[in-house]
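Chain naming follows the written order as A, B, C and D, and within any one chain the residues start at number 1.
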Amino acid sequence: MQKRDRLHIWTEQGNVTISQLFFSHYKAINVKDEEAILLLHLIAFGEAGNRFPTPQNLVERTHFNENKVVNILQRLVQKGLVQIEQHIDSNGVRFEYYAFQNLWNLLLNCVEEEENSVEEEHSKTEEG
Amino acid sequence: MQKRDRLHIWTEQGNVTISQLFFSHYKAINVKDEEAILLLHLIAFGEAGNRFPTPQNLVERTHFNENKVVNILQRLVQKGLVQIEQHIDSNGVRFEYYAFQNLWNLLLNCVEEEENSVEEEHSKTEEG
Amino acid sequence: MQKRDRLHIWTEQGNVTISQLFFSHYKAINVKDEEAILLLHLIAFGEAGNRFPTPQNLVERTHFNENKVVNILQRLVQKGLVQIEQHIDSNGVRFEYYAFQNLWNLLLNCVEEEENSVEEEHSKTEEG
Amino acid sequence: MQKRDRLHIWTEQGNVTISQLFFSHYKAINVKDEEAILLLHLIAFGEAGNRFPTPQNLVERTHFNENKVVNILQRLVQKGLVQIEQHIDSNGVRFEYYAFQNLWNLLLNCVEEEENSVEEEHSKTEEG
């Protein structure tokens, strides 16, 4: 195997793309920092093709032990920030994956509320 | 102000793009989870045009208090994961920004070492 | 000025992030290939902070001459794929920018129609 | 099947992430606009998991006919902008894929040359 140059290694890793909305508003929807980092790992795994990483996968990438990972995952599901959904592929095999639709909706609700309250402020000032 | 639809709000937020390398290897270069989330916030601010967010900016987006943020930032600088660099713009104004070049290099070193050790394994097996 | 390594140059360039939807469906909404490449340039300029590149900016990055660029831009606006919007910044300065909201909506309409027709197929088969 | 909202459809599409370097410098390395759009399609397919799209795949997404697509692909390979590489997976199955390493290197060479000539200008001015 020929040694590859560093740029080659870099560009082959692939990227994770996350809305700025996540970073600017996760606190506002009551996501803790340790939940945020785990969510980001779930998203990163998903973008790399593994949409249902195991607790062990997450233990390998973080400093959390398995109990802690399972505990955070349960909280994420209970809070409705992550859904475990099922899909049946073309061979009839059932598989599960983490879905983040509700998370995106909660973040957007937050921005909408901010925009509405800014608008109300404006209205008050104009009416004043 | 007309109310904008949700897709409009979503697409206007912009994105943060981060190498998969960060998520797969930050633990291996001894970055703690709380350092990881702060690094991600620094990168997110940078991509949105604010390359030198204040501790207060970071307090607003996380559950850390200002002492904690300053403490983590200092550790990141001491460990060489973040550099504070200076630039003089075209108007002669000096400004500072966070640079992550060393972080990317450390992550890449990690992958190179892994590839080398895999290669050595192969060599041993073949020679064996 | 110290010579920077290649990885440093690479990571400093920044990225352009575009929905897969654009590549998979621009043809279906009747966007020509030369319009597609110009749209991508507009988006790339926008993500780098220049939300209203001039025809000359676009001439420098493509093999089109200025007439051709102006001609394609006009078509994009006429087809409603790009809007020229105005904004007044905090100093009262008016500026213009290209907006792509309508483009995203047209692409989404396309996917929705596809999903609906798939659903109708299913209904027919089940009823059949 | 329940009808999904538009944001859901949007976020499920996934993204394509491309270095700004591509847009700013493809012309400088003598890539034509029609070659650029085809390269972008190859990259988009690759990021969606199809690293060796057929000419027919590309015909479906562009206004080029199959002859034209094959013709552009051949030029991209001849110019060394795209490599067709082979890989053998863990089941011993050989598969091919398009690689862009040379393209990234050519774009970087371009930036390096620009930086060098700027530096020489500075040196001359200072010496002058």
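The working rule: a contact is a pair of C-beta atoms (placed from the backbone, for glycine too) under 8 Å apart; a residue touches a chain by one contact, two chains touch by 3 or more.
All figures in this text were calculated on a predicted structure; none of them were measured in a lab.
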Matching chain pair for A-D (criterion: over half of the contact pairs shared, by residue number), options B-C, B-D or A-B: B-C
Which of C-D and B-C has more C-beta pairs touching across its chains: C-D
Chain A and chain C: spacing of chain centres that average the CA atoms, whole Å: 26
Geometric centre distance via CA averages, chain D-chain C, whole Å: 17
Length of the line joining the C-alpha centres of chain B and chain C, rounded to whole Å: 28
Multi-partner residues of chain A (at least 2 other chains): 6-7, 10-11, 14-15, 17, 47, 104, 108
Touching residues on chain B, where the partner in the complex is chain A: 1, 3-4, 6, 9-10, 13-24, 26-27, 32-34, 36-37, 40-41, 44, 47-48, 60-64, 104, 108, 111-112, 115, 119, 122
Parts of chain B lying in touch with chain D, wherever the complex brings them together: 6-7, 10-11, 15, 17
Complex contacts: residues of chain A adjacent to chain D: 7-8, 11, 14-15, 17, 47, 49, 100-101, 104-105, 108
